[in-house]
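Two complexes come next, and they have one chain in common, chain A, joined by chain B in the first and chain C in the second.
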Partner chain A sequence: MIPVDSLSVALLQTGFVDGLLDFLQPDVLAGVVVRGLAKSAIYIMIAAGLTLIFGLLGVLNFAHGALTMIGAYLGGLVMVLTVANGTGPWTRLALFFVAMTVVFGLLAALGGSIELSLIRPLYDRPPIYQILLTFGLTLVLEELVRIVVQFYGLQPIAKWQQALGTIPVFLETTQSLGPLSVRGLVFFEILLGALSVAGIWGFLTRTRYGLFIRAGSEDSEMAEALGIDVRRVFTVVFALGAGIAGIAGTLLMWDQVWGASVPLAADTLLPAFVVVIIGGLGTFRGTVVGGLVVGLVDATTTWWFQNVVVTWTWLPEVAIFLILVVALIVRPQGIYGVEEVGGH
Partner chain B sequence: MSLLEVDGIETYYGESHILEGVSLSVERGEVVALMGRNGVGKTTTLRSVLQLTPPRSGTVRYDGTDLAGLRTHEVADMGVGWIPEDRRIFSQLTVEENLRVSVPDGSDVADALSVAFETFPILDERRDQPAGTLSGGQQQMLALGRGLVGDNDLLLVDEPSEGLAPQIVADVAEALAATASETTMLLVEQNLPLALDLADRFYVLDNGRVVDDGDADAVSADDERLRRYLSA
Partner chain C sequence: MAISSATELRQRLETSWPVESIQRQQVYLVVIALLAAYPAVYHLLSQSPLANETVALLPRMETMVGVLYFALFAMSFDFISGYTGYLSFGHAAFYGTGAYTVLLIANGKVPLLPPETPFVATLLIGAVLATVLAVVIGLVSFRLTGVYFAMITLGFTQVMYVFVRDWDYVGSNPRDGIALSGARGFELGVPYVDQLTVALGTLTGDTLTLFGHTLGTTTVSFYAIGVVVLLCYLGMQRIVHSPFGRVMVAIRENEERAEAIGYDTFRYKLGAFAISGFFGGVAGGLLAGFKRSVTPETGFYFLTGGDALLASIIGGFGTLAGPLWGHLFDEVIREFLSKQGQGGGLLPYLREALSEGVLTTELVGGLTVEGFITAALNGHASLYVGVVFVLFVLYVPDGLVGTVRDRLGGPVARRLPERLWGER
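And then the complex of A and B:
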């Protein structure tokens, strides 16, 4: 029998109780929630395109992370080219929205072309063909970016510091709101996430095209028989999904935790899959709720690991995948998922 | 010229030969019943017209136009509506959204919806409800309503009474009669009294071939002429 070191147990218990008391302090709790919402905003934005595409086309787009990564580099490129040392913070913010619009357009065009030329011929084949194709596409896109980035003398694995440096000073520095003190970027991420969710939600529920997408997601053959050119809707949705990935990438280009780098492709793809699986593949509402769950759990575990248990920054990521495992056991179809979606 | 003219179509699912030279026609304003046992090719005939399962040979002409090579949404845009077996309403969309999907581009949405709401007032009462929460009979009315707002000249209606309780079938029969007064209809139905009551003419399919046809008035549901092809 292993002797129980009662002193260690007592110390651990004291540590846990102290930690819990600290965690429940209003300013600490508010800080965790706000950081969690910022993480949620990012998770939702990187997963939204993935879920829209799967919901309608039934295609699991493994190239989604690569599109996000290209968005980060392109957004960074627009910022680096337009921002000079003397550029004021508000001008930088305005330029960010210009970059976001440009990147959305470019990525949407790239996504539309990918759907038309590569995915379309595979719709009648088993899903494994689409998975292999988009996985292969990821490898090609990553290598292309690696070549271009190295050609311009940048290190593909490290974050692109020059792009990180274009952030306006008020987003870079700590801002206070009541008892809260967090980086300005945290608030900006929440704001942009909320705007994106509202925009996508409005498009899906308030426009005729959004209605076609929701109808097609449920039964694309029936939608076609009611006069909807479902193939064209497929292309538009793939383009939109890629464009949204680009917007997310542009935002990540400013975030110290992420930043523009080639590994961003895989770093964003994994959490995006976790979010859509927890929320239910193919439902946008599920992605929003899944993103909130993952973001808040991530922020909570990050605080606990950094302040109470052990200072090791990779550990909170384990928590995300633990939620995934629990979700797959308890509710494999996800919070809002149905048994089958994306049939065509 | 017939509104719909199907001439010698041969349709396959993979290697299975389903329709072996089916020919039929539907005149404008008619209700034509297509009858036969399960698995003889009735649904495939409707799917062939819509180009969902395009025939390998033979022709389908709608209003004089050969439909070969057209996509299904183009056939639908020409005025061919489909009320499929098991209705296939969009269960997560509201009743009104289900109808809106069918309104052709450029049409006045309110006008189009009013056609369905006047024919089926229950749909108006439930317009904001998710369509998946409707009863089977109401879902059938929604499916028919979708055909009406589509401004279609021809409705292909597949087994509208299937799976419904007898008292609901009476409601559906009434709904079909109301729909038939507005449009031309090719009706697949195994409920013989219902089909013959609505139809002007009928065709009987057996093993992928038309084996009988005639005026609906000339036969009754008890006729041996029909029974031999329809009883299990």
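And then the complex of A and C:
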């Protein structure tokens, strides 16, 4: 058993207790928590649209990752077209919000038309067909983007450096806050994530349309009987979900770890699934909590396996899937899930 | 007993068991004959005046070998997903396990098993390991249903994928997977009997001379792998039509009812998953045997399972032969619409067939016809496959074989002869 041996050796070398003491130092711990929160914010943002759509329509949208990826490219496009070398950091930040709005609108339109033309004919079929359709859609969207991107001379696999370069200086560089020193973008991600959660939460609980959505999720037939045009709500929610994916994509376009590229589709789809499943399919509250859990555990394991147990370099990459497997074994229906949801 | 007339002789012949059984199997026999004749047909056509069209339209022999073993993998996927209704989204794990086992043993990386272990044995070892893996994953996963089942199998597979990608035991660069060192090919057949084995592979395979015709290495591999795939297909076919298979379908149609009747559905699902894992492992072993190498992407990545899903849906979900046709269809489109290797396809054909004047004609904004067909056809097969797939989901939800079956009102193999020759 080679792995166990090397693990114990590694533990002896660095010392588990030493590692724990290091980990519990305030600045280290705070760093891990803040990075974890930033990861959580990203995970929640890429999963929020998915969970809204599943909650109401019962469609597990496999094209969600592709929509996020398109959002990243579109957001990058707006930034690259508007930002010049001399553009000041605050103007860049303002332009980012412009890009976010534009991308939200474009992707909402795309999502709405997808729902109208492709998903709508499938509601009467078994749920597996909606999975299949959106899976096929992913192939088409990814390949179309690849063609367009290649046409303009960009590498579809590599991150779009020019878009990464439009980030304002104060987000790019390391910022200090008390004992902490992390990249400014980390704080920005947390802020934007919190704003998105608050926005969606407010929309769902404080507006009339949010009420329709919640009613439809609870019992769409009953909602229809009460005079709500559920079909139209379906379209609106699909558009909204796609739009939120676009916002997430626009944010990821600035992040060194992600960046706008074609593989971003699969890279965001899988974590989004994990978050949504852990939280319980279709509950927005579950997604927020699930995202927090996954983000914090992810940041913690990454720190541990980078600093203490250095032999298993592959573990941080699978941490998120290990969380999924463990969570499903312990609590199959997710944190806030109801047994029947996603049932057979 | 004396036979009095010619009519009686015909009747006696028609009811004797060999003739009857051939009649019952005639669709299978025709399909097998068609596939067996493919190398000859392809060879003849590529020598004929239609050579350009043939090379452009028909899949190459090498592709056809790939179609066979991947179709087996897709069948194993369909066996569990199409028949019990549990979408096994991480099916690639079994494919990868089969392939990695074969190559690890052949490279002498597995203790107690020398590199000289016959391929047939390593193939089986890989398949058995895949079965064990299926049981382990199944024990946990079958507590869940629907989307959750799909996701947890996906989770297991992704863990394995990332692990294999960084597992430096397989070689110095695990991200590139493993390849067989040395120049020998895997020998498929009866172990230790030279006359009854053939080496696989395009470069390392055997050629065979039969009746004065020499069959190329790829063709020999095609037949050898074809025999294994056929045996596996017949095995799965047998299971699907057995009482066990009936319970699988019952689980798909209404699991609660199957349980209420008294079936321990958990065990049936687990059993079906294990069988499916076994054949998935065999398919992976065949991939390793023919290609002599495997990467984490071709073996363990979840999109490999996605390709099996495509093949099953296009061919017909819940029909065992469907994935073969589905994958063949998929590969034909892929090869036809994108430039691949030295092979044919539409792009080289168009370049040759269209005149220079047409090619350099400007469409819009400096985009020439040639530029356009290159941009649209060069390596973008996924786009067209995706479009075809979406169209199938929307308009042909039962797939190729499933639609024919519905039209005929029963299994194709039984109904088609009845339609053609009348009821007997």
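What we mean here is this: the second predicted complex is superposed on the first by the 323 of 344 C-alpha atoms of A that agree within 3 Å, B and C clash if a C-alpha of one lies under 4 Å from a C-alpha of the other, contacts with A are read in each partner's own complex, and residues count from 1 in each chain.
Note that a contact is a pair of C-beta atoms (placed from the backbone, for glycine too) under 8 Å apart; a residue touches a chain by one contact, two chains touch by 3 or more.
Keep in mind that what you see is a predicted model, and the values were worked out from it rather than measured.
> Pick one for A:Ile190: touches chain B only (first), chain C only (second), both, or neither.
Neither chain B nor chain C is touched by A:Ile190.
> Thinking of the overlay built on chain A, is A:Glu317 touched by chain B (first), by chain C (second), by both, or by neither?
second
> In the overlay, answer first, second, both or neither for which of chain B and chain C A:Leu144 touches.
A:Leu144: touches chain C, not chain B.
> Looking at the overlay, does A:Leu292 come into contact with chain B only (first), chain C only (second), both, or neither?
neither
> Go through the superposed model and pick first if A:Gly227 touches only chain B, second if only chain C, both, or neither.
Only chain B is touched by A:Gly227; chain C is not.
> Does chain B (first) or chain C (second) touch A:Glu218, or do both, or does neither?
A:Glu218: touches chain B, not chain C.
> After superposing on the shared chain, does chain C or chain B touch more chain A residues?
C
> Okay, in this complex, where on chain A does chain C touch?
Per the stated touch rule, the residues are 2, 60, 118, 121-122, 125, 127-129, 131-133, 135-140, 142-144, 146-147, 150-151, 266, 270, 273-274, 277, 281, 313-314, 317-318, 321-322, 324-325, 328-329, 332-333, 342-344.
> Using the touch definition from the top, list the residues of chain A that touch chain B in their complex.
Counting only chain A, the residues touching chain B are 208, 211-212, 214-215, 218-219, 221-231.
> Over in the complex, which chain C residues touch chain A? Could you list them?
Counting only chain C, the residues touching chain A are 85, 87, 140, 143-148, 150-152, 154-156, 158-159, 162-163, 165-167, 169, 255, 303, 306, 309-310, 313, 375-376, 380, 382-383, 385-387, 389-390, 393-394, 397.
> Going by the contact rule set out above, which residues of chain B touch chain A in the complex?
50, 52, 71-73, 76-77, 81-82, 84, 88, 90-93, 97-98, 100-102, 104, 146, 150
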